[in-house]
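In what comes next, subunit A is part of two complexes: it sits with subunit B in the first one and with subunit C in the second one.
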Partner chain A sequence: MVHITINGKVVKATEGEMLLTVIKREGIDIPALCHHEAIEPTGNCRLCMVEITRAEWEGWKKHVTSCLYPVEDGLIVNTHTPEVIEIRKTILDLQLANCPNSEVIQKMAEEYGIYKTSYETVPEGDNCIMCYACTRICEVLGKSAISAVMRGHKKVIAPPFGEEPPDCIGCLACAQICPTNVIPWTDKDGTRTIWNKKFDLITCKECGKTIITKDFADYLMEQRDIPKEYFELCDDCKRMQTARKMGEIVTRAQEATL
Partner chain B sequence: MKYQFEVIPSKCIGCRTCELACAFAHAKNQKPGKSRIYPLAYAPDKYVPVACLQCDDAACVKSCMFNALRRNEETGAVELDKERCVKCGACVAACPFGCALVDDVHDEIVKCDLCGGSPACAAFCPTKALVYKKV
Partner chain C sequence: MHIDSIEKLSQWQTECRAKQTAQKRKVLVCLGPGCLAGGSDEILEEFKRIIAEKKLADITVDSIKKTGCHGFCARGPLVVIEPEGIFYSKVKKANVAEIIETTLEKGELVEKLLYKDPESDKKYTDYKEIPFYARQKRISLRNVGQIDPDEIEEYVARGGYAALAKVLAEMKPQEVIDEVSQSGLRGRGGGGFPTGRKWATCAKVEADIRYVLCNGDEGDPGAFMDRCIMEGDPHSVLEGMIICAYAVGSREGYVYVREEYPLAVINMQKAIDAAHEHGLLGENIMGTGFSYDIKVSRGGGAFVCGESSALMRSVGGEIGEPRAKYVRSVVKGLHDQPTVLNNVETYATVPVIMEKGADWFKKIGTPKSPGTKAFSLAGKVCNTGLIEVPMGISLRDIIYDIGGGIPDGREFKAVQTGGPSGGCLPADKLDLPVDFDSLTEAGSMMGSGGMIVMDDRTCAVDVARYFLNFLVEESCGKCVPCREGLYQLHHLCVKICEGKASEDDLALMERLSKVIQTASLCGLGQSGPNPFVSTVRYFRDEYLAHIKDKKCPAGVCRELITYTINDKCTGCLACIKVCPVDAITGEKKKLHVIDQDACTRCGSCYAVCNFDAVDIV
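After this line comes the complex of A and B, so read on.
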């Protein structure tokens, strides 16, 4: 257990935790786009910048990305100093130039008083901020179906050779984690399309509601030992089935006592 | 496990008070959440409240690829860590009892967490068909 000071308040934290996790737990609102607890932090969006200092530093301070900075005893953190706000404003200004159409970034920039970027906007921007959250989450799954291709300003997240990704299972983890919602996918007529790959969807045997893709179910069956019959019904029908089974047990118990 | 959540179907009258209590206990941003408990009729006028059974070898925990579902040793409930959840829906598909749900209003996956140790459904049940007691 270590003790750190955030905005003048002493808080407890566990060793090895990152600063951003502690700041969020304390209910302090600082912007972050690429942060998610399920993936390793990389500090790509740089919005979670905070100012740190220590009592023995004699007034020296530095700015760090809090998602990448492990907590240490005696650390003094300030999340909203004028310098930090200025840094965040610059980053948001640049992000707004990069993705002028992203609602998430527009909203964040508005909170910091930026309504229009002072830089030249990227023509035909696709709102991707290159935070790698999608590739990192795919790595956690053990699939790594997508990655960054090309270099410099041509860099994009794409499947290998721009073709259908052979390792993709259509779980939508990448689309769900994307902070700016740029990964398109559709569920239509029993087929899911993502990264230009088509997946067969499993539908509920009773009501026809779509559940997950066949490939995803296969993955869960093989890697996670989930029996095949668990994927036959949707959650509503499974609940009804549970009620019927429980009812049978109740009726049998009541008959036995009579 | 120090506590036990008991469901007595013979006492359930299907009034759905538990459903309301659950939705309001999990309200967020002035909107009620999705209920985690449902009194369902298995025969005319015969009801059984279906909620998460907090299985020992839980399929939802096994299916989660990001370790977002973990057991709270204090209450015995399998709790969902929203910070780690990616909303892929693996637990919803894997739960054999259909007790992991998608909350469309708040855009999140939800499951019964026994309200962290004092379930609202048990407190509000008028016929005491739901009991949360010490073992």
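After this line comes the complex of A and C, so read on.
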């Protein structure tokens, strides 16, 4: 157990925890776009930056991304100094120039009083904030089907060589984790399309609703030893089935006591 | 010879030295990058061809040596004849027969190939007396330009691997670390971090595997020191790495060389193979039981891979992107193991410190930056080339005494040190001592040692624009301040160059720069705004001239200048012929006129005019 001071208040934290986790637990609101509990932090968006110092640093301080900085005993953290706010404002201002049509960015910027970017809008902007959440979740799933390619401002998230990603299983994890919601996909006529790759869909044998792609089901059966029958019903119908079974058991039990 | 004991190395050294002294005369042909571009490989072949034909008493084909960069690139191709040190510059293939006949056969000098000092008109025979060389002190470059990099025996003859033998035979790992710490050696890659402290930290981390890596990803425009060491004296780098590996307890490591240095890749590999063959690398080095192996890892051409964490990811086969270093790479580096990463020049310096001792090293340079530093002198300076000087020497001494001043009688304007993320220092900083701390204080940095001199025809805003463009291209694109921030900073800088910016834009650039410096993830972003910050600090008036008066005082920014022809024009038609857009009209012996609407301001007329008749306004 370590003790750190956040905005003047001494709080307890567990060794190995990151500052952002503690800050959020304390109910302090700081923005973080690339952070997600399911994936390792990388510090791409820089919004969660805070100021840190220690008593023995004699006034010297530095700015760190709280998602990546492990707690240390005696650390003094300030989350809303004028410098920190200037950093967040500038980053949101830059992001607004990069993703002018992103509602998420617009809303965050407005919270920091920015309604119009100070910079020239990036002509080729595509609303992707390059947070790598999609590539990281794909890695967690064990596929790494997409990756960041090229460099600098030309960097994009793409499948290898811009072709249909051979390792993609159409699980949609990338699209769902994307904080600015810019990865397009469709489910139509029993086929899912994402990253220009088409997947056969398994539908619920009771209600016909889409459950999962065939590739994803195969992957889960192989990797997680999940039986094939698991993918026959959608979640709703599974609940119904369970409820029915429970009902039968209850009825049988009642009949037995009578 | 396979070296299976310390004694055998000294025996081998004696043999190698005897072989060297048996060659009474040697012809050294510089095959450094500059001379090679001037055709020095053909000169080498020509020497070998003629010497093979003629049977001369004290010289054979074996005595014709190719070497790495000798340093004085501006005067290349260079040929040096030892033991006299006779220095022939700007040699052509056609001169070879004459050199052989006059110098090697008759023992006379080929006067026209000797170096003549442009100021004093004095001719020099021995290169060591030429001002360019006389003020230098060579430690890391001690063998570069003196030996054939492919010949391990030449390295050994000059004391190579003796420092390693001394370390393995007489010193405990901790003593090696102490010696390096006491020497005050600081990382030559630019950061200036104390090397001994880095080694000590790595050695203290509990781990089964430790790595010792060498950073040969020199990417700064105009910098070629590490390249010349890897090409010209690869064994010195290996020896430094092996000593480090022994000190910190590592068994394997990599030399990360950028793919754009094909000869460096080849020479490092050849050196590794030769060291293996002689028992100086690999299992049971010199029979002492210590084992360490090195592999070459080739970089794919990303500037950012010179950054330590990006380099380690690249070596590990991942995307070359930096990570936040709240846990330092010396604790958790390559494959998450403790890793020492030093620059080429640092490793090349280590064997000398081990041999001569920390006290000797500390006497050179300044108290806080001991030793020497290699620089590549480039740009608008007479004597461009590779130099090594004691720390603390002034910029003036480097640029004027060694560099020979500014060509064409123009005025010095600024010197750019530290590569793209360094800064520009103006004339009133010329007396600044060159060491890690002074340069940083003045708003620039030591960097890896690129030094680009600029004259009064260089526009400070245009320089900032150029380097920002480089950094925008080379930013890895992972974090927002660097990727988007530098992009916008460059965009605003272009606006100034085009005369479209306001003072508000300048203020925005200054605010943005501060955030990029504080909020970026790695050193590239943190120092990214430096080209702008340092030029606006020293050349603010020039920025304001672009913004307020819409003028480029240096006459560089195309949108803000016009070319006109004055009455010095003799009507020679030269400019008319050279103009790519036919914007100049006029008849022979009559004043020519430039049509401003058609002119693209390419400057061809200005360059071609012999009568100073083209003005830039």
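Quick notes on this structure:
Just so we're on the same page, the second predicted complex is superposed on the first by the 245 of 258 C-alpha atoms of A that agree within 3 Å, B and C clash if a C-alpha of one lies under 4 Å from a C-alpha of the other, contacts with A are read in each partner's own complex, and residues count from 1 in each chain.
Please note the rule applied: a contact is a pair of C-beta atoms (placed from the backbone, for glycine too) under 8 Å apart; a residue touches a chain by one contact, two chains touch by 3 or more.
Keep in mind that this is a model prediction, so the values were computed, not measured.
When the two structures are aligned on the shared chain, A:Gln176 is found in touch with subunit B, with no touch to subunit C. Looking at the shared chain after the overlay, A:Val64 reaches subunit C, while subunit B stays out of its contact range.
In the superposed model, A:Tyr230 lies in contact with subunit B only, and not with subunit C. Contacts of A:Leu220 after superposition on the shared chain: subunit B is touched, whereas subunit C is not.
In the superposed pair of complexes, A:Ile91 makes contact with subunit C only, with no contact to subunit B.
Annotation: subunit A has no residue touching subunit B in one complex and subunit C in the other.
If you check the complex, the residues on subunit C that touch subunit A are 302, 304, 319, 321, 323-324, 326-327, 472-481, 483-485, 487-488, 491, 508, 511-512, 514-515, 518-521.
The touching residues of subunit B, when paired with subunit A in their complex, are 9-10, 38, 40-43, 46, 48, 50, 59, 62-63, 65-68, 81, 83-90, 92-102. By the touch rule above, subunit A contacts subunit C in their complex via residues 42-46, 49, 63-65, 68-70, 83, 86-87, 90-91, 94-95, 97-98, 118-120, 122, 129-130, 132, 147-148, 150-155.
Contact residues on subunit A toward subunit B in their complex (touch as defined above): 24, 36-38, 137, 140-141, 171-173, 176-177, 202, 211-212, 216-217, 220, 224-227, 229-231, 233-244, 246-248, 250-251, 254.
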